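Same chain, two partners: subunit A is paired with subunit B first, then with subunit C.
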Partner chain A sequence: MSTVPVIQATELSRWYGIVMGLNNISFDIGPGLTGLVGPNGAGKSTLIKIITGQLRPSDGALTVFGVQPWNNPDVLREIGFCPEDDALPDRLKARTWLRGMAMLSGIAPSAAPDHVDAILDRVKLDRVHWEKPLGQFSKGMRQRVKLAQALLHHPRLLVLDEPMNGLDPMGRQEVQRILKQLAAEGTTVLISSHILHELEALCPEILILNWGRVIASGSQLALQRRLQGTEANLHIRCSDPARFTRILFEADLLLGFDSTGNDGDDGNEGGLDLRVKDPQRFSDSLVDLLTDNNIALHELRSRDRSLHDIFEKMTE
Partner chain B sequence: MSQDPSILPAVNFGGALRGMWALVWAQRCTTGTFVRWGLGACALGFLMLLTIQSGEEKGWLGWVIGFYIQFLIPLTCLNVCGSMIRAEVQANTLSFLCTRPLRRHTLFLLQYLCHVFWLQIIFFGGTLGLFALGIVKQAEGLGALLPTMLLTQFLAILAWSALSALLGLLHQRFVVIGILYWLIVEVGLGMVETSNINQLSILRHIHTLLAQNEMVADMFVRQIADAPVSAAFVLGGATVFFLAAGAALFTYREYLPSQEAGQ
Partner chain C sequence: MALIDSSYTHRDGETRGIGYRRWVIAQATLTACLKVKGMRWVVWTCWIYALLQGVFLFGFGQLMVENSAVSDFITEDLDLFKSFAPMFREWAADNPRIAIGMTYNMFFYLFTGAIVSSLTLSLVALGMAIPRLITSDLSSRAITIYSSKAVSRFDYCLGKFAGVLLLLTLTWLGPTLATWMMGNLMAPEVSFFWHTAPALLHSVAFVGLGMVILGLMALGISAMTSSPRMATAHWVGLLLMGVVLSGIGMGSKNYWLQYLSFWFDLELLQRSIFDIGGDFKELGDKYPGFTEMGLIKTIKTRLALTAENVSAALACLSFLCAGALVILYKKVKPE
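Our next item is the complex of A and B:
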């Protein structure tokens, strides 16, 4: 896969009068699924509007596929945009609106009807609603129509602002499935969402904004490592927790621990919350320690690895 | 999803125009619109029937020139074309259009053409209705006037609509600005007889075209000395000028609902 950035910002700033929207930010976004995270007023919508060619930078540069997107049909042809706002032309029927949009996107008028029907099927909008005015649609149905218009011209970059808003759990799963499928087909997907656990499951790459600045970007794993520094919080369940704790102390790998109860049949098997000193060394030596001391490992999971934790720590 | 290369994007103006027309037509052709237009036409027809004596052409022409051409057409153009972009900004739906693979001036031009086409249809029907009413009232010379009237209103709608589209981009209070413009430039400056400044009035050139018909020429107090061809060129030139200014404004200015609220 190419490592050329799909979106590249260089010292990008955007002001609204005296209000700063984005403050001298630089970042790269590569292919795949990337989550855009930040509290209200962080600059997410401003960034999305610049990426989709609705706003111009006040200073610096932002390029998509190597060129600036404002008033540039060549790159707008490669971008699909699903806005956060619930605004749709309420008088129009879903099919009518999408057919018009398809023709404006370069789909041949003769091919537009079939093309629109295929897209509506893909976003799983029930056929009984296709000829209804958009004003009669529920929020979830409107989200599907907005997603459909973003997919009309087979964009190579899909930008979605809060695409899960108003969707029921099944709808969210369906949208996640579509986005993963698009990413697998080679579409770059940038998703802004406040539903962090969904972004966590969906996006390997994260860009965190706060007060108009990029405070972190990269893979979730790398961010986690950066945050943890030289320690990690783990939950472990093994056959002899007391002995295993001693072994870890002796190996100078443990900063502290909490026992979370005995649930083994022999009364000597239970869970431990560990504060590990050097996660990399712990990871490298874990298998040897267990096998050499004949301890059976039943469960090992991180207590840190949540996007919510990363977000909270980064925006503190 | 279909990946047939024959339907992959290659935006051409004709296809985009059809797409925009599909949207404009669907938005305009609603029951509410037809009820409003129908009620307005009935009210106008009723007033004309009441106030025009049978066989009195001047009374009929007074309505056609004084109300329909000078007032109703420009005000409708102002309302329809002034809001063609502004309504999208206020409804927060402009982002769907601005993220299509089209240059912004093309988008503006597509909107203008579709709205103008809609207005031409409406006023073509309206004019035929007025002439039918004239026949009912036994006004004479209508057959000779009809081609002049249709050609003049065609050019007038192009020019008024282009001006209205520009005013709509300039400020959200475009209706107020448009009415002030109409009073100051069209009516005010257009009435000045001793200076070339009256050439700024679109209405003056419309009068020149209409005055090619003798029946209409008798109506005007002022002497019509301008050549009809130059009047038509001025209307065409004004249309191009207003459109170019509007396209340039839409290309360089950002339109955001948040700014709209604060304007």
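Our next item is the complex of A and C:
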């Protein structure tokens, strides 16, 4: 059984004239769901175009299933792409266009209709719309048709550029469910999105781009641990917050704090948002500090868990 | 490092090859073109025109038959035919290559490329189809999706090109072949088939070449812009520019202006392929003095052609085709 990374970039660069789209990046993407995150102009679209064989790298290499996708129909056959653009022909009916797309993907004309119907059911496009021109579709419906065309040929790699755009909350949940299901079936899914909390819930793996460079990649957990190496944001609720803050400052563990108000009956208990200097030392000495000073701890939780925080810190 | 089992396959069903995918694009292109308002009328007109030409050839064939009802009907009121009919019959017996073959060659020269011909109708059809070729994919940005499928840019263009050729087959090649077939099936003798074979070969050669040239130009213009109106305007502009320039160039010192009209260039190419000059020479050799008669002489002089004329026309057409290919290369991409 041979094994290769699904997507592998090695010193990959792409420039447009003097503008750098991607700057000497290297990364691996494995099976499952991976989120691609980055501010505007970070190089996400350029990377997606290279992965889907629409752009040639200027330098370095990017392989999908071990081969370069540029001008390579063999590998493109294994990729499904859902672009961000509203790339649908308005005059054609959803079913007609998707049949054409199925045939363009190499599915026999006799098998195409059943295939299309099954996919339209899967993306939950109401049957009453199947025979309507795409021009009459709402943004959410068009988004489903775009997703359907990407799934038609059962790709091993699915690349989605802002797939949640225009979808209502229920639609987003449905798409998330489909994507999770696909990942469970063995499809590799790469999602670029600005809706970070959705990526957070969906993608265990994250690739963060900024200014054409990969600034972080790996599991959300690993990235979180990496960030905690320098500082951590915590919420704490204890019996004497004012004294506890003083103790932490004296122990040189605190960078800053914010009181979130008293919530105890005696007015001496309350919540604190802490910015801790050295998370490892803090966790090692916390129990001693509390017991030595007779402070009762009611709650302790990290405020650094969101992908948004990771993204903000990484792109700072 | 993340790894995957590359032997994993998702779909067990048959996946067809690239030839099939190109055919899908061609078919879709033709279907889209035929859905353009008025396109079916143009196609029908081409076939009705072919039918009329077939009737005309039937009449010509009947002239060869003495005392036939049709021959009598034609020659009854028309003095020209009254005097020509016996001569044709004599020639047909004496030299069928000239009487039948050469006449058919001249007819098909006119049928395939004259001002009122299936070429003109094909140019109209192309003008209507151009917004649906590549322009619509650029304007809807659907090209982004197509280019992510397992078809290369080359395959996409080839499919589109095949779609245009199919359309031109409906408006130009098909009616031409049908005309030839009708003319021969309704001819008084089976020998018409081989006497008129050169006319068919010339027609197929010219129409085939014309289809390739016009198809490339149409695709190039269609890829120039993402605005359907602008695409049509470019095509009409190119046609009008050619007509105006060839009008200015005709009979003037700046005769070279005529070569800037692709229509004029195609006509020169057609004259060369049909070898009209060769026909007149053969006719003059067989029947001295005949080609020096008033109308015949005028036609002969008007259709005279030199190797330089053909080279210039070919050069201009090649330039236009190369331009179309450059536009396709530059514009047909998702970026």
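Convention: the second predicted complex is superposed on the first by the 240 of 316 C-alpha atoms of A that agree within 3 Å, B and C clash if a C-alpha of one lies under 4 Å from a C-alpha of the other, contacts with A are read in each partner's own complex, and residues count from 1 in each chain.
The rule is short, and it goes like this: a residue touches a chain if its C-beta (ideal position, glycine included) is under 8 Å from a C-beta of that chain, and two chains touch if they have at least 3 such contacts.
Just so it is clear, the model here is predicted, and its values are computed rather than measured.
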item	value
Clash or fit (per the criteria above) of subunit B with subunit C on subunit A	clash
Which superposed partner A:L55 touches (first subunit B, second subunit C, both, neither)	both
Which of subunit B and subunit C A:F81 touches, first, second, both or neither	both
Contacts of A:M103 with subunit B and subunit C, given as first, second, both or neither	both
First (subunit B), second (subunit C), both or neither touched by A:T188	second
Which superposed partner A:R122 touches (first subunit B, second subunit C, both, neither)	first
First (subunit B), second (subunit C), both or neither touched by A:N71	both
Touching partner for A:I29 - first (subunit B), second (subunit C), both, neither	second
Partner chain in contact with A:K93 - subunit B first, subunit C second, else both or neither	first
Touching partner for A:D114 - first (subunit B), second (subunit C), both, neither	first
Doubly contacted residues of subunit A, that is, touched by subunit B and again by subunit C	49, 52-55, 71, 73-74, 76-77, 79, 81, 83, 85, 87-89, 91, 100-101, 103-108, 111, 149, 153-154
In the complex, subunit C residues that touch subunit A	1-11, 13-18, 20-21, 24-25, 28, 35, 136-137, 140-153, 155, 333-335
Residue numbers on subunit A that touch subunit B, as the complex places them	16, 49, 52-56, 71, 73-74, 76-77, 79-81, 83, 85, 87-89, 91-93, 96-97, 99-109, 111-112, 114-115, 118-119, 122, 149, 151, 153-154
Complex contact set, residues of subunit A against subunit C	1-6, 28-31, 49, 52-55, 65-66, 71, 73-74, 76-77, 79, 81, 83, 85-91, 100-101, 103-108, 111, 146, 149, 153-156, 185-188
Residues of subunit B defined as touching subunit A within the complex	1-4, 6-12, 15-16, 18-20, 22-23, 26-27, 30, 91-93, 95-104, 110, 251, 254, 256, 258
